[in-house]
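After this come two complexes, each holding chain A, first together with chain B and then together with chain C.
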Partner chain A sequence: MKSSTNKRSHASEVTGHRLLLLAACGLLLVVCFSGFSKKPRPAVYIKALKNSRYQLIVANRPYIVKGVCYNPIPIGLNQDYDWWSDPYKPWLVDGKLMQEMGINTIRVYRTGENPESVKQVIRDLYENFGIRTILGHWLGFWEYPCPLYGDKEFHERIKKEVLDMVAAYKDEPGVLLWILGNENNYSCLGHVNPWSTEEIDREADPQKQKCLRAKIYYSFINELAQEIHKLDPDHPVALGNGELVMLDAAKQYSPDVDLVACIIYRGKTFGNLFKSLKVTFDKPLLLSEFGADAYDALKQKEAQDMQAFFLEAQWRQIYDNLAAGKKGEGNCVGGTMFEWSDEWWKHNPVDVESLRTHDTASNWSNGSYYFDIEAPKNMNMNEEWFGLVGVSADEKESGIDKRVPRKAYYVIREFWKNPAAKKKTEKKR
Partner chain B sequence: MKKKTIRAIMALVALGVLFAPAAHCEDACCPAVSRDLAQAPDGASAFQSLEKAAACCFKQQAYAECCACVRDAAQKNKNALNGADYFCALARYRQLKHLEEKQLWDEYFAKGNEYREEISSNLDKVFKETRPQDPVHLAARLLAYRFHKDMEDALAEETLASLMTAAAEYARTAVDAGLLKEAAQALEGYNERGKSKELYKMYINKTVAGVTAPGELSAMAFGFLKDGNLELAESVCDVYIGKLDQSADKKAAVAELARLADAFVYKDEGLKDPQYAEKVFAKIEDLEGKEAFGEELLYLRGYNLEKAQEWARAKDIYADFLAQFASGARAGKVAFKLGVLSAYCLRDLKAAREYFQKLGEKEHADAHVIAGLYQLGLFAQWEDDVARAKGAYAKILEKAGSNYPETTALTKQRMNEIEENKLLDSRIKDMLDASLRPEYAIFDMSRVQIAASKYNPAKGEEVSISSTAAAPQSGCMQVNLEYFWAGDGIPASAGPEATSIKTSFKEPGTKVIGLLVKTPSGLLDRAVDFVDVE
Partner chain C sequence: MKKIIAVMLVAVLLAPCAFAQDKPGTAAAKEFWVFKDKGARENHFVPSGWMGDYGDVKLNDQSTDNPYSGTTCIQFVYTAKRTQGQGWAGISWQNPANNWGSKKGGFDLTGMSKLTFWARGAKGGEVLKFKVGGIGITPKATYPDSTEAEIGPVELTDTWKQYAINVVGKDLSYISGGFAWVATADQNLEGATFYLDDIKFEVDPALKPEGRKQEAMPFYVYADRSSMNNHFIPSGWMGDYGDVKIDQASKEDPYLGDTCLRIIYSGKATQGARWAGMYWQNPPNNWGNVDKGFDLSKAQKLTFWARGAKGGERIEEFKVGGLMGEFSDSDTAGVGPVILTTEWQQYTIDLKGKDMSYIIGGFCWSMNIDVNPDGATFYLDEIKYE
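Moving on, here comes the complex of A and B:
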């Protein structure tokens, strides 16, 4: 009887061990898939490297924004035209040309009226050409009489618009990131689209007035950034800023933006921009608007080479300052050139004749674009001539004004195929 | 024409083309370059030969050809090897500049990257193979700086630091300091004033090391001034002043310093550096005290400071002048200047009034007395002290007679305003507000400047007054600026779009010209200047 008892006892022991082992495995599985498992990475995010260098990561790979600002207003129409709903779908023609050039991103300053149309454009560009879209909002900068950043109702209305935009498009795979505002910060200086509050009006010192405006504006930006992050953790939020003006205030009041999208027109180079940003407001930099016009205001004729010269020099510096660029600050994630195509409405948006004319009058002056700075009254920047492609008034193609690529299109295309940085890396291998 | 004839002509043309003298570096420059390089006994001589080669070759834009020629010649003389790398880098640099300046875009875009790579790799070779004591090393450091600074890239700062280090090393042992001067001039061109001054100092220290006679130093300084090189002139003067400081004969030293100061003081035409002139004046005061300044010299010092817009210092010197030379020929002018400086530059209405009141008490009503009374009238009218204003204006009309028609006309305008119960001319009121009200202290003339084409015109001589305004940053949104001129001689036609004016003055005296620049949201800044009509 002793042997059968022993056998039974041994079997129970083995069963007990097995049960214990099973329980341990089960516990291990639970631990692996719950508490200690990492959260999935957002689709697009900023990766911080050593020494304040940054990369934009998209689908787990570093992404250099090689983009253009996009606003394909047909000849004869102005900024009120809702091109998103254009039956001829200019983005299908443009997308192909862009893809051939190597463009991977477009930037739009605002979305169209019909969300379904907007989604269609984003999808068409992404699915057909691999081009992603940066979506922006003016934050009421151009509203009449002025952007009322100090007004609660204005705040709430703009916030709703922004969050509605994010909610509508955040799930589109083609969306890259959000940009809040453009050069709205200049309004804090009080000279452009000036706005005020009672408190600001009581302050006699103009310098303090600027600081008060900056506090209001950048705090608003931060509030928007925080709300967007809650709603959409998958895409970074950029602060659109003219130059580095008032970024010391942004550092204080907008710490939650993910990157700075600067509008810079400094001619051939960006100077010490990358280093200055690092020191002022250490965030990654997207050059969201830069470039050169293709009209020589001094010689009074088109100057494609001049445009190509400036753009090529600008891209060389962008590449120097990417995270992979050995020589630079490593805080640039790329840029969106101003702009894809000429816009014939810009000189005079309300004059019908002017909308049909490729105006050559200059809208502003910038000495950094030195070839034609000696034009009368130094007015050398021709707003209707910034396109990488011109648009033809005489020919249509696929129902839209025919696109005529300029020299810069080809020069940048070739540059992107073989930027100097790449060449050196290849040599080292 | 017969076929045979045509063929003959074509053959002749072909022969002509084949043997025609071509303007290539090989023919024009290469033989001399090759010979000099082959014979260069050391690196320094080889470098000098390269400088000659550069002058010849680049004039003909024969960049690649000359580089090949130099490399070829350098194979025969190892003293010239490093120079060849430098030369080829320089050739490509100059070539890129030429392509950009002449807008030769095809080659610029097709070859630009390749040329930039060549510049970098050639310079790297030079740095590896040479020492800072070698002239070619310093020249290469300068070229590296120029190259990166032109592109404003991330290496611009680093190459500047390397250049300065190399220059310091070079200065220790070099015999020929010419490269230091060249580097200094280059940095001056890039607006690196501080670094440029350092290099000029190194150059001068080497150049004057063997010079002992003060007269030689003085001649050297004036020589540089004549050549238009202020920086070098000042560097030599610094050394010269050091020697004068130690001179036993203080009176002679002061006389010589006065001569130096005179060379740098403000003047309408020619080189000037008012700040440096004041430095020399301060040295005079240091050596012999205020007594060293006679009437002319003291006035010159005050005037120089006025033109340098060192208002507070100018006022101090003018006050000294008035205390010492109250009965001098310039006393009235200086008293008036003290008044306008106090009011318009230093926000001191009380002091301004005192000066003008004292001036107004003078028996003889010269131009400054009349102008001083007018200022008193303006202040009173601005403060709504009608009685006081009328009193001052009445005195002008009584004393001026027919001698001062411009001031009389202005006075009558002011009187009309009072009599018709109108406000003071808005531009004058705004100018006085901006200059005198404490809450406007932020408008310190840093954002707007005006400059006259002549500061000592004759009566009736045309004077242009131009302005520069540091427009507020606004990206591509142009800020509309408006210009409001106020003061003496302002043409009636000068509207808000007038960034400059042309005028002339029929009366002698010191004229006050002011400008307010406004943006849509308010005042940007103000500026004021003074023109002396003899």
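Moving on, here comes the complex of A and C:
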């Protein structure tokens, strides 16, 4: 018995020593790791998973961008209005409605004139409703004369504007990420806001001209991305791009952007978008502008069903292609629908009467929104009718044009609650 | 008068019986005739739907020239003279006669598996398409057929041969267009004389639904004017369509074969758009509203040959796919801008990594007045997926 006890005692002693040793090693490991992890993870970052699948991580958790483009211009005013300083604070009414719908992000194309007002909007939305803000910069795309991406002075001026924006807002907890440009890539094709340089002008081959423009533009984007990363390691930088046009050049010249923010209007299906991006420029995708209008240009009447049908179909595909999606490519991090509220100035921004009219004239044509494509001259897209909420010219609420949610507001709200549920909207011709 | 009323009454009472006798899906209904012989009581449809260059067609529905069975067959003579300026002609068997979907007359053919018919050409080499249904679908009529299916282009032989159109899995609940053929002048330069016999729907339990098959390569958009391998039609006129003329049978130094495409763009901005373009579509005028895309998944590239009449003509883009509609092309790819030379040059559109599983718009070009102020004439040939 004794001997047996002694044995046990010895064994206990050995076990005790081992435990001590293990504890010491564990402590050492903890110290080592805590040493390595001195540099905290960025507040917002892209996590690369297997097979080119990506997640956006916010506060250490995967974040699906359930967003909306936001530009609350009141009826009677136009794009020059600095709504950030609106005394009635429309974002408070909108933020509540957005929160009730499930929106967690707004995308704005540019910041306002007064940085304190901008900060206040970002804070109000984040602190009151948990809504984060994506801040964008046009990169001079709509300046006159056309953007001169090959001009050093222009280049430096835009760079300063962008970095000033980042410096001013990077510490706002509500900021989600930065988007550089919107559809500026089309200017490289020479179709929209064309620009050139002496070197480009000397080149006779138009395909080579296009490549030269792309090299200049996307190199500029990369330079901006690098500078932003130095200044603000906490937020990803997205390349705003019209469709996937010229992303082969982006792959070559913009390797430092963190994700691609695409503007896509393809009706009920995004088609091969997700796979195609993976092949051309393997970056995560934010659908930064997509949607459908709520006006049937053929029947000449509001068409909430039509808008809801397209938006639900689009969100289903976004979810199929999230990192956790089983059917898709896993490279989508969400989207920001175009747009929160109707903008009555869009049809004719300089006509005072038009600013007060909800114009029904179509501004462009797109066959993938096929219900009303047989409208005269196939003009079926109604720029003033893209809102998830309409705005009332007759009623004010808290000092702003009353918001009237459309069917899409409710349909997408229900979809987000249960993305696996069957489709709600069926639209027949 | 009483006699007439009595006859009508009998007719009305008997009509449902006649339908019931023939109603497919019953044990007895293993076949349903479109045309058996002139005057045969089994005939259910009438060759009344004359289409396109109807002046180019002559019909003899009691030809005794070597019928496949019975005593007669139907002989068609298509002259390809383009009498109505269409470049194609066809005839649809309808019920009732001349019904383009404005009248009730569809049969419920549920349970049938295929439509079969016998055909031969007078010489052999006649090229036709054959079709079931499709009445009143696009544009939508009051009583549209519930489906459509087709085969072709088919090159006939000078001996009788049986052909079949698979309709398994199709909605055959309402068919007023029992059968149709279509011939084009381009594919039958000297016209076509051909014979049809024993056209009927049949039950074939062993037949499986026909899926969308992956097309074999090479797959031509345009080979030669009369080639039956041309799979798309240059029907999608865009922008200043009044500025564009196309000759699909130009003999001006084709790159290969006996013809090429000659396109003349006047640059007059007839419609005020200041640009023009053209899509090759399937079927013609399909802007994504008809579910007829080809599965070209095997394609790695599209190649074509092009030259300008003077050199220096600038084409903004040559493109494949990109048609957007209810049935959108699955992807798009392009090359351009391209400045043509007077020598034939081959151009390639790289399709690697593209989803070519559903293509309606097989090929497209576009150009504008700003860089072609005096217009342009250019030539295309051998447009094909490889």
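Assume the second predicted complex is superposed on the first by the 382 of 429 C-alpha atoms of A that agree within 3 Å, B and C clash if a C-alpha of one lies under 4 Å from a C-alpha of the other, contacts with A are read in each partner's own complex, and residues count from 1 in each chain.
Throughout what follows, a contact is a pair of C-beta atoms (placed from the backbone, for glycine too) under 8 Å apart; a residue touches a chain by one contact, two chains touch by 3 or more.
Model, not experiment: these values are computed from the prediction.
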Chain A as common anchor, with chain B and chain C clashing or fitting: clash
Which of chain B and chain C A:F309 touches, first, second, both or neither: first
First, second, both or neither for A:K210, with chain B first and chain C second: second
More chain A residues in contact - chain B or chain C: B
Touching partner for A:F270 - first (chain B), second (chain C), both, neither: first
Contacts of A:L163 with chain B and chain C, given as first, second, both or neither: neither
First, second, both or neither for A:N321, with chain B first and chain C second: first
Partner chain in contact with A:I75 - chain B first, chain C second, else both or neither: neither
Touched partner set for A:V411, first chain B, second chain C, both or neither: first
Overlapping segment of chain C (options 59-67, 257-265, 329-337 or 347-355) - the one that collides with chain B in the superposed model: 257-265
Overlap of the chain B and chain C footprints on chain A, listed as residue numbers: 204-207, 268-269, 271-272, 275
Parts of chain C lying in touch with chain A, wherever the complex brings them together: 287-289, 314, 323-326, 328-331, 335-339, 353-355
Complex interface listing, chain A residues touching chain C: 204-207, 210, 266-269, 271-272, 275-276, 279-280, 366-368, 370, 373
Chain A residues touching chain B - in the complex, by the definition given at the top: 183, 186, 189-194, 204-207, 242-243, 245, 263, 265, 268-272, 274-275, 305-306, 308-309, 312-313, 316-317, 320-321, 325, 327-329, 363-365, 371, 381, 383, 407, 411, 414, 418, 420, 423
In the complex, chain B residues that touch chain A: 100, 103, 105, 108-109, 112-113, 116-117, 151-155, 439, 442, 472-479, 519-522
